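Below is one structure, written out as structure tokens, with a few remarks after it.
Chains: A, B, C and D, in written order; residue numbering restarts at 1 for each.
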Amino acid sequence: MATPLRGRDELDVPGLERLVEHLISGGISGLFILGTTGEGPSLSYRLRRELITYTGRFVRGRVKVLVGITDTAFVESVGIARHAAEAGADAVVLAPPYYIPEGQPELIEYLHHIVPELPVPVYLYNMPSLTKVVIEPDTVRRAMEDPRILGLKDSSGDMHYFNQLCSLLPQRPDWSLLIGKEELLAGATLAGGTGGVPGGANLFPRLYVALFEAAAKGDLSRAHILQGKVSEVADQLYRVGRHPSAFIKGIKCALSCTAICDDFMAEPFHRFLPPERNRIAESVSELSQTIDALLQVDPGGATT
Amino acid sequence: MATPLRGRDELDVPGLERLVEHLISGGISGLFILGTTGEGPSLSYRLRRELITYTGRFVRGRVKVLVGITDTAFVESVGIARHAAEAGADAVVLAPPYYIPEGQPELIEYLHHIVPELPVPVYLYNMPSLTKVVIEPDTVRRAMEDPRILGLKDSSGDMHYFNQLCSLLPQRPDWSLLIGKEELLAGATLAGGTGGVPGGANLFPRLYVALFEAAAKGDLSRAHILQGKVSEVADQLYRVGRHPSAFIKGIKCALSCTAICDDFMAEPFHRFLPPERNRIAESVSELSQTIDALLQVDPGGATT
Amino acid sequence: MATPLRGRDELDVPGLERLVEHLISGGISGLFILGTTGEGPSLSYRLRRELITYTGRFVRGRVKVLVGITDTAFVESVGIARHAAEAGADAVVLAPPYYIPEGQPELIEYLHHIVPELPVPVYLYNMPSLTKVVIEPDTVRRAMEDPRILGLKDSSGDMHYFNQLCSLLPQRPDWSLLIGKEELLAGATLAGGTGGVPGGANLFPRLYVALFEAAAKGDLSRAHILQGKVSEVADQLYRVGRHPSAFIKGIKCALSCTAICDDFMAEPFHRFLPPERNRIAESVSELSQTIDALLQVDPGGATT
Amino acid sequence: MATPLRGRDELDVPGLERLVEHLISGGISGLFILGTTGEGPSLSYRLRRELITYTGRFVRGRVKVLVGITDTAFVESVGIARHAAEAGADAVVLAPPYYIPEGQPELIEYLHHIVPELPVPVYLYNMPSLTKVVIEPDTVRRAMEDPRILGLKDSSGDMHYFNQLCSLLPQRPDWSLLIGKEELLAGATLAGGTGGVPGGANLFPRLYVALFEAAAKGDLSRAHILQGKVSEVADQLYRVGRHPSAFIKGIKCALSCTAICDDFMAEPFHRFLPPERNRIAESVSELSQTIDALLQVDPGGATT
């Protein structure tokens, strides 16, 4: 979930409420706040706590709430996790501390130390392009021995890695294996993945729910069509601008175009200027129409 | 400067005092705290503030104090800078926010926004292996237009880049251009660099001062000999263990072997176990003797 | 197809004949010689020509023969292609010249110049880990305008890239889109890929044919099981030894264990020593049994 | 040395003679042909042999001739080396085979096998950006045990690596340690390097000879000034165009602007079009004047 802001250290509270309602009414089964798309690391600790509190209040237990606690400082991760537990979060999400990259034995030791300090269960988060560390399959296998670790979100984009994790699932049939990169949602679900955490669901939650459901029940042709549309969303909204921040700028700009929330960005980044904004607005308008059309012809009708 | 710790969130205050005295008596002209070697990003904000306060108290204005404020969150960087200013720090040191990498225009805009918020002057910090972003020469050239920016520490290890920055110095003759990688200290100084920020100076400050002085006055043969010894320090103390954290572990272990301070590491890392510790202890003992011998034969005698 | 050798510049001709028969009787629909697994770039031009001639002679038109002509020198690529055409090859396979990496406009211009010089149709070969260049989707789209280019083999391992190419297929419904990385064969086929070029098919051709057929007809559960076995082949045979050459060494060693051909390697590489060979031999024996068992229970029976 | 061409597989023989004379009259002590700047890997074997023959004929023993024999195929490297020996070359230059990257033990074994097959002594060539392999210091140390290996050219741009090799020189005082990246020529020579192989010497050989001599005799201020000019050459001639091939295109274009030889490029690359050519022509004209001025004020006068 994106974090609606209206200033350098100020939450857009009404925007947050609208975004939560938009997502829940779109059929999603859980919210992940303070992740990469949520600009977690760019927010002050005060604002992170405020966001957690308000999100819990707006969600009112209707869907699960997962809170990102990844941090370079052990003590701060634990502090956020405690606040999340008090605010009623269901679980926390943890990537490796991302300044000096850890070796795998260091990572295993880190998990042994931090997981018992956390008052709620944990999902791991594999995001090597930003953390500089892969949580290798053998490390995941060892993490599965800890019942407080419930799953993993993989944003590596490496399907061979994802397949390797799928082959570990028999060891923990209760585990969640979630794909982060939405362009791979169909393939990951067909390979045995149990869900997705797609940034584009901020905008079109029903599309992503429908895609996951089609793939999960093996409806290949419908999964193929819906995946094509998801990839179109990514192409049109995430690649305006040349820098790695483009995908967050695109999502926040689109949320602003649809009057859900403000597009203020946490620094060091800034919202799109009018030329980029106009391109995004046009794309959103076109995509909304074609997505609505696609979802109405769903033969099962479950998500319309 | 390394950060002496005695527990997960506890400073080793007597160790800190001994380390500060060791460095000042070794002839260094300034201290940089909360950098990479100082485990800055791994420390809680509370502990970072405590370290700043104690360091200011122990230094008592005898040398300059520079404080690392690099952070993924703008507001937290500014907060640390304010605390540093109150504690009497001379300047702060700032690398690009290191979660999502910035494009150069984003980096320039970031500097335009943050520098005016800081109550003391700023040094930039180029550390692309950890921040994933190079502060490109053209960005440095534009930063030089701001009189509140006083210099740059380059830890890239890329001498071509360092030479390019040297060629910008006529634009700001007051600028400091400091090399981070100690294996390049002689070459960087001969090329026009104005100083170094070597991690090994925690252990053998006089060696690094002597090397810098030899190179700065063009004494090629002495610079060559001293650089050889500095590279030996790096080879023997920084490459025990296979992970990128090895160099900090080596420095803290060596500081503990010489009874300067505890070798507790901020998580996710941990101190060396006895086998590695024994190797470090032997190396420190040998190096101490050969370094003392080298420094005594300095013909000028200035540093003995 | 691996290249059976018995000396530094000497083909293992009887081994080649046995390998060709093994593959054809395993149900494969085409042979790709002088690729990466075939050690193409490591062979002298004389030996490459000899291999092409003998392969054509042994195949006798029963399956398609594709010949790798990738080279850093334009003139040599064309020379090999002419020899291949004379020997009856159906097509040639071309990756970007791999010493100095090309920009995409340079790559497009290169294709414009070389394709008309080639006497047979061409498949492109995307292998960025070794060529340092991705054939970007937009470059592929332009290559599709040339009817002499018939398809692409993708060995990038990047499923997002592969999906992007799948979405271009409506422009050229006759195109072949082949996946190189065998751990992704099921997913690539489900996503719309039209075939695979798996190194492990040298050993167990029926397994790879059965996997492709299961995925192509949408039999998810059987594709899943067979893909698991293919990944086991890769884990057990390609990761003995730590260097990138390990997968070729493993395949050649396994071919030697099954008495198909010699395991002599083109320099700079060398065959496995007894400890590694024993591990491979054990794995081959186990894998052969479990693969046979798997293929016999195929309900449709088509490939047994 | 660049390779003057006038067609896809045709040498510019008069251009080659002019270039050889230009270089020898510029004071260089040796020629390295068929390297990266010489487009070695892009040339047919026939043309490589022709170039070797003509170069030997034009040089007539006045300076040393080193011939690049790097190849992915062992047998072809040996073949070129034999031709070079017959043509009177003094040595050959060998980088690791550059398709599948070797591990260090594989590289050591490769040298053990190929060096005895070569009829002339060998220089190693470290060029990891193109070969994907670093010849690690420990591998160099072992290569120094072989008296047929006479030195190493380092084009990595990594001064820490170069310093490590310098520290090995006492083991083989006869060894040549040559820097490839001309922006680092002064620093490398001050650090103990024994020469350079700068691409820009094709154009302004006297400048590079003067820079090396100034650095070798410890004349820091003159080395600094000349290095500044060398870096200007690189900035103005090697970075026109965005692709890695830009530096060769710039050198060949500049050679053509000064009427030394044709600027035909071996494919997959092509000569600059008029807009880029005009920029290069202007730069060459300006640089020629300022370089002449610089060299005339040389107090020692040795190179004017």
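Simple rule for what comes next: a residue touches a chain if its C-beta (ideal position, glycine included) is under 8 Å from a C-beta of that chain, and two chains touch if they have at least 3 such contacts.
Keep in mind that this is a model prediction, so the values were computed, not measured.
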Fewest touching-chain hops separating chain A from chain D = 2
Where does the A-B interface recur among C-D, B-D or A-C, taking recurrence as more than half of the contact pairs being identical by residue number?
-> C-D
Centre distance in Å when chain A and chain C are each reduced to the mean of their C-alpha atoms = 37
Taking each chain's centre as its mean C-alpha position, how far apart are chain B and chain C in Å?
-> 50
Shared interface positions of chain D, touching two or more other chains = none
Would you mind giving me the full set of chain pairs in touch?
-> A-B, A-C, B-D, C-D
Listed in rising order, chain A residues that touch chain C in their complex are 157-160, 163-164, 167, 181, 183-184, 186-187, 190-192, 218, 220, 224, 227-228, 231
In the complex, chain B touches chain A at residues 8-9, 36, 41-47, 72-76, 96-103, 105-107, 109-110, 113-114, 130, 132, 242-245, 248, 266-270
